[in-house]
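Given below, in the form of structure tokens, are the structures.
Note that chain A is present in both complexes that follow, paired respectively with chain B and with chain C.
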Partner chain A sequence: MTTAAEVLTEQPAPSTFRALRSVVTSTGEGRVGFTLLVIFTLIALFGHQLAPYSPIAIATGSPNSGPSLEHLLGTDQLGRDVFSRILAGAASVIVIPLIATILTFAIGGSIGIALGFIGGRFDAVGSRVLDLFLALPPLLVVLVVIASLGSSPVVIIVSVTLVYSPRVARVLRGAAQGIATKEYVQAAQSRGEHTYWILMRELVPNMSSTVFVEFAVRLTYAIIFVATLNFLGLGVKPPSPNWGAMLFESRVTIITNPIATIAPTVAIGLLAISIGLLADAASRQFGLDEASEILR
Partner chain B sequence: MTTVLSARGLTIGFPAPAGPPNVVLRDLSFDLVPGTLLGLAGESGSGKSTAALTAMGFPIPGSVRLGGSVTFDGIDLLQQPIAALRNIWGSRIAYVAQDASQSLSPLLRVERLLAEPLRLHLGLRGDAARARSLALLASVSIPAPETAMRRFPHQFSGGQQQRIALAIALACEPAVLILDEPTTGLDVTTQFQIVSLIRTLIAETNTAALMISHDLSLLAMLCDELAIIYAGEVVEQASAAEIYARPRHPYSAALIDAVPRVDEPGLVIGIPGLPAARVSESECAFADRCSFVQPKCRAAHPALVTVSERHDARCVMATSLGVIEPQRQPPLDVSVSRSEGSLLEVVDLRCTYRQARGTPAVDGLSLTIHPGETVALVGESGSGKSTALRAIAGLHPLEAGEILFDGKVMPSHASRRARELLRSIQIVFQDPHASLNPRHTVREIIERPLVLFEGSLSRRERRDRVCQLLREVRLEQSLLNRYPHQLSGGQKQRVAIARAFVAEPRLILCDEIVSALDVSVQASILELIAQLTSEHGTAVLFVTHDLAVVRAIASRIYVMRNGCLVEQGHTNDVFTAPREAYTLELLAAVPRPRVENAAWPRRVRISPEDGSAGDESSTVGA
Partner chain C sequence: MGRSARFVGSRIVFGILTLVAISAVTFFATDVVPADPARVALGKFATSEQLAAYREDRGLDRPVGDRYLRWVGNVVQGDWGESVLSKRPVASLIEPRIVRSLILSMSAMLIAIPVAFLLGVFSAQRIGTRSDFSISSTTLLVNSLPEFVVGIAFLMVFAVWLGVLPIESSAAALGSGLAAVRAYILPVMTLATVLVPYMARMVRANMRDVSGQPFVRSATLRGVPRRRLIWRHVVPNASIPVVNVVALTMAELIAGVVIIETVFGFPGIGQLLINSVSSKDIPVVQIITIIIGLGFVILNFLADLVVLMLNPKLRSA
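And then the complex of A and B:
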């Protein structure tokens, strides 16, 4: 029952920047998530320089020693400094899923938006093809790809993109479908606008809330998925530090030296949580935006 | 006169983050008398729906009651606990919501919907409930009640759904019936049938009824008493015929002038400005828009004064102004020179619905528009008028026929049309909330056609043109960098109109452009369109279901039904001497105020709603 005048005066413009800023500042989730993510980003960028020891140097102390002043998180079974490995391993844990997710949105997003916007027979056939891909178990697909091409960061990025693209396409197809029938899109069509312009200027800006939330969720999945691959030994080659691989390597000493296992676990968990919190804050904020538009 | 429900001094507000609550309804008093209908007329945001819900004691979520009482059966409804109210609602006081397709649960059969109040309030079960349900359905003229009982709400047309909602409301023979815009969104013929039914039922059952609507002419036709509400307050209250014949408040008079009439030509007069959104404490809330405004209007908040027997008005000049004479602009000059040939020619157009192939949406439509001429295409929902318009705009594929512009056949899809052709035809949509991209500023929206069609203009020249158009549609320059959701409905529609006119088109396609707007805003948009088209020499194809609007602005008219053309001719000829029975029905169903002391008009012969036109919505919905 908001009156017209209130809506007229009290609402800021829905620029994407302002929306994102309010996501970060207006809720507890947003603030905590954003702070954690900034810390992780700094670690990913400068982790190698900050590490007190070389992450691959063995016997920096006695093997499987617990936390001490020299080794904040103790050492692993080869005497490597766990804290240094956590710092140095951040880059591969964050960067590979991030690149994979961006690629996923470029490919899957384009497919989804095209399907949703063009519709008709193109959409009917395309959606069934997507269903076909969705029916394949992700891990199996990646195992096959890595088994045939060998493991490298590029192969991992490509295989994660391959697995997640149909999923992202599905979500964005739905969002695009909803907007494609809006009258402002028809107005653009009746002006004879090029399809590319309609997509980029009329459609995509109105999908930003869906895209942002979906991106955050997808990135979390990708991080956990890549960590799983590393745990299974399908990711980076030892001795390169990687949180997933560290989990695998330390699993035999989980009772005697639990910190070597707990540290990478907590690191992966916190990273996933920070992005998840941001996604929550975003969906709540965008939800509010949409609610306030309805209140008009 | 015995009053059954009486409201005194109702004042409702919504808490503000700081300071006193925002009052949305102030000092509203009325009495409901058995067998009569009180109308509450107001524009959006006037507080009329708040009034309706409060009248039945319903606590509106988030609101605070700041005073007043509603006396029913010797008790104050506003003091009752919700449990006590539940026993009254549905049995003694019944409510009919605006949109029956939303208010009837889609999962329950009509039988269950009707049985619920009967079981709850009357304790009727089994055969007794069934017999009563059948009688109720028959009383609201639902054909074949036995079959209807087993169907779901979506299997009925919009009008029949509203009939069922009425039957449910009347199930327990309530003493009071509250109707919240019960016919909004229905076709004019269906509306006529529903209000006739309401009128009959109220008289037969001796129910006291309160009806809320934004449609002043509908209320003036239907109601006994009428209260006009503005910014949360009653500004005038009298018998419906009295207000229409002798308005004493400038707002009532302006509203009457703003409502297009089928029975007389001439352009309506809009009320400048926007409806006030909140109650004013220190001055007359209407002062900013009033043409009689004087310094004393702003000095103090006017009280409701009695101007004659049972006629109150809230205006400091209520007695000194006397009866405010109706005003009307002179009829538009409809004599268009035919020598210039045709601008747009539609020959035997056929289109089908995208979803249901085979069902023709437009079935052999031919029409001609001359340069600079305003032509109306009229029909009820499902008549194919909007599909025809979209086909002309290049948004809907043609099945057969052709569309000629300047004597040359146009490609059917907009993307295949030449740039000059695209520029020549512009479209304005019905819903301004949906036709402006929420992520583009007003400037970007109006500028876009210039970028597209006049690439040679410099940035500065484009800006000047945009500003000039803003002035022409009477919007402030300060709105340039606003986003659509920061504008009101009327302002948005002005932006949409500016976008259509900025590239100097030769034909503007208007798809129900005023049906989503308030009456006063609707009138000023019509004025604007009439003025812009005569200044720019633009032709207009005006698609609408509202015949009164047509009379106000179109020189020629085409009437469509079920995809076919029924009648065509000059507006005056069609309105004064319609040749086809269907046109006559449409005209007869348009609400027009009753002459004083006249009885409710005898039922005009209208083909049953189950005819093909009425059935359209049910099949499409199913």
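And then the complex of A and C:
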């Protein structure tokens, strides 16, 4: 016999894939953002091979020369080809923030879901601790960590994960709490289903839209954050190509050779905009609107 | 105890806890330093006896908890130690810079808050129109740009192409009169620009939510004039979450000051922080972190007080 509660639990979760596809195809923002993102992903994957010169080879032409056929974006103060450095630098701009964001969701997400799902005193105490961590200014914490441990990729990934985890935890806690009180979860609980299955079959599928939007928002901030660290001279070590680090190095020649500064500026700007557009289109599609903007 | 007193009390406790957390994170993160302060101060060729003597002299051989309390005591009493790098007292390094950073950040806030408010109110009244769309998409674009990208874009336009403003802001320290004032313009403009979008979007969202409430419709039906409706009924009710947003913007303000000072070579506390982080000048990093943390906590507390004044529910005993 099928009870009404079971009918409720049997309802398929709304297809996130289909929703995402319509985000990308039906909105102008989504189309532009997605196209840009695909281009950047291709550059990150194949940029190194496509680069006409070695990104770290110096004196490929005369230093600080403007754009020409040999050097599409000119050369920097050491005569390195700016175009090659842009192509080869994409990977480090994207990969480190991506790893940090995935780790953030693994750690912060588990904490948040646990708080929201278990609730009660555990949630009350845990949320207070989260509030305290949320009150710490992210850049300040990361700078302190870098001051003591130096700025290897591992340090940057760990410190970004550290400051973003409480933020993700807060957002996913809210989402999990909203779902944990729904009838279909209660029905599953009263049927005696194992907590693991309740999490996997009821909670996670219904949170996927929130998770997706939050992931896009968080990835944007992580990319900006890591690029900023590189710009401040606290990221990858020269001569490795990285857009933020390129700006850090080329800023002194901003008058004599503006292209070497403009190129990485535009690249970072477009990358940040593409993910920002996708996040905005998705949050509209899922009806989350400005809600996801509240926690930076 | 009245409700408002309890509210203020809980915010003060939270502020103190935040400061304790910031100082603890700072101290413990910088205390487990692989970059041994004794080694940094005495250089590569110091003997192990010299290093041990330096550590004993500075109390570096005591247990961590002990040193944290002593350190907090010293900071509170104004004994801020000296820079490992320049050997000058940290206070003398920070003092001239902090005033400039305060002028920079406060003028940016004074510009950004009203601009964001007006933009938000303006576009909330025109939701769905072309002007709302262009404001919304501009704020979205600027909001997703890193601070230094905005800064360099301004630098390109106003200092390199138009040549009307100085390319570097060190005159804020050395120059006098007009030169010093001009040194502030680009950093203030950039900081204000990066602060506006988020606030404007939140004002718009709150205005839109409040406009849909029954009391607004009832006021409309009573024939309250539009201008009065907006400024006397909608705006005050939409302001409370906005003040919270302004408070949330404080963390961004701090990051903005640090980054923008570096973009423009502005001789403020943020530039000193970045330089000290690069050179692992731990005492300077510690003190600047505490000072910025203190400013952050105070500003947040002030924002809470404004919320209290605006929210009658919390005000009544």
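We take it that the second predicted complex is superposed on the first by the 274 of 296 C-alpha atoms of A that agree within 3 Å, B and C clash if a C-alpha of one lies under 4 Å from a C-alpha of the other, contacts with A are read in each partner's own complex, and residues count from 1 in each chain.
Note that a contact is a pair of C-beta atoms (placed from the backbone, for glycine too) under 8 Å apart; a residue touches a chain by one contact, two chains touch by 3 or more.
Here the structure is a predicted model, which means the values were calculated and not measured.
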item	value
Which of chain B and chain C A:T253 touches, first, second, both or neither	neither
First (chain B), second (chain C), both or neither touched by A:S54	neither
Partner chain in contact with A:N64 - chain B first, chain C second, else both or neither	neither
Greater chain A contact set [chain C / chain B]	C
Partner chain(s) touched by A:E193 [first = chain B, second = chain C, both, neither]	first
Which superposed partner A:P137 touches (first chain B, second chain C, both, neither)	second
First (chain B), second (chain C), both or neither touched by A:P205	first
First, second, both or neither for A:T41, with chain B first and chain C second	neither
Which of chain B and chain C A:G233 touches, first, second, both or neither	second
Residues of chain A contacting chain B in one complex and chain C in the other	293, 296
Complex contact set, residues of chain A against chain B	1, 3-8, 11, 13-14, 182-184, 186-187, 189-193, 195, 201-202, 205-206, 293, 296
Complex contact set, residues of chain C against chain A	14, 17-18, 21-22, 25-26, 29-35, 140-141, 143-149, 152-153, 155-156, 160, 167, 198, 201-202, 205, 248, 250-252, 254-255, 258-259, 262-263, 273-274, 276-278, 280, 282, 285, 289, 292-293, 296-297, 300
Chain A-facing residues of chain B, complex	14, 22, 24, 44-45, 50, 60, 62-63, 274-275, 277-278, 390, 393-395, 414-415, 417, 419, 422, 425-427, 429-431, 433-441, 448-449, 452, 481-483, 485-488, 496, 499
In the complex with chain C, residue positions of chain A that touch it	131-133, 135-141, 143-150, 220, 224, 227-228, 231-234, 244, 247, 251, 254-255, 258, 261-262, 265, 268-269, 272-273, 275-277, 280, 289-290, 293-296
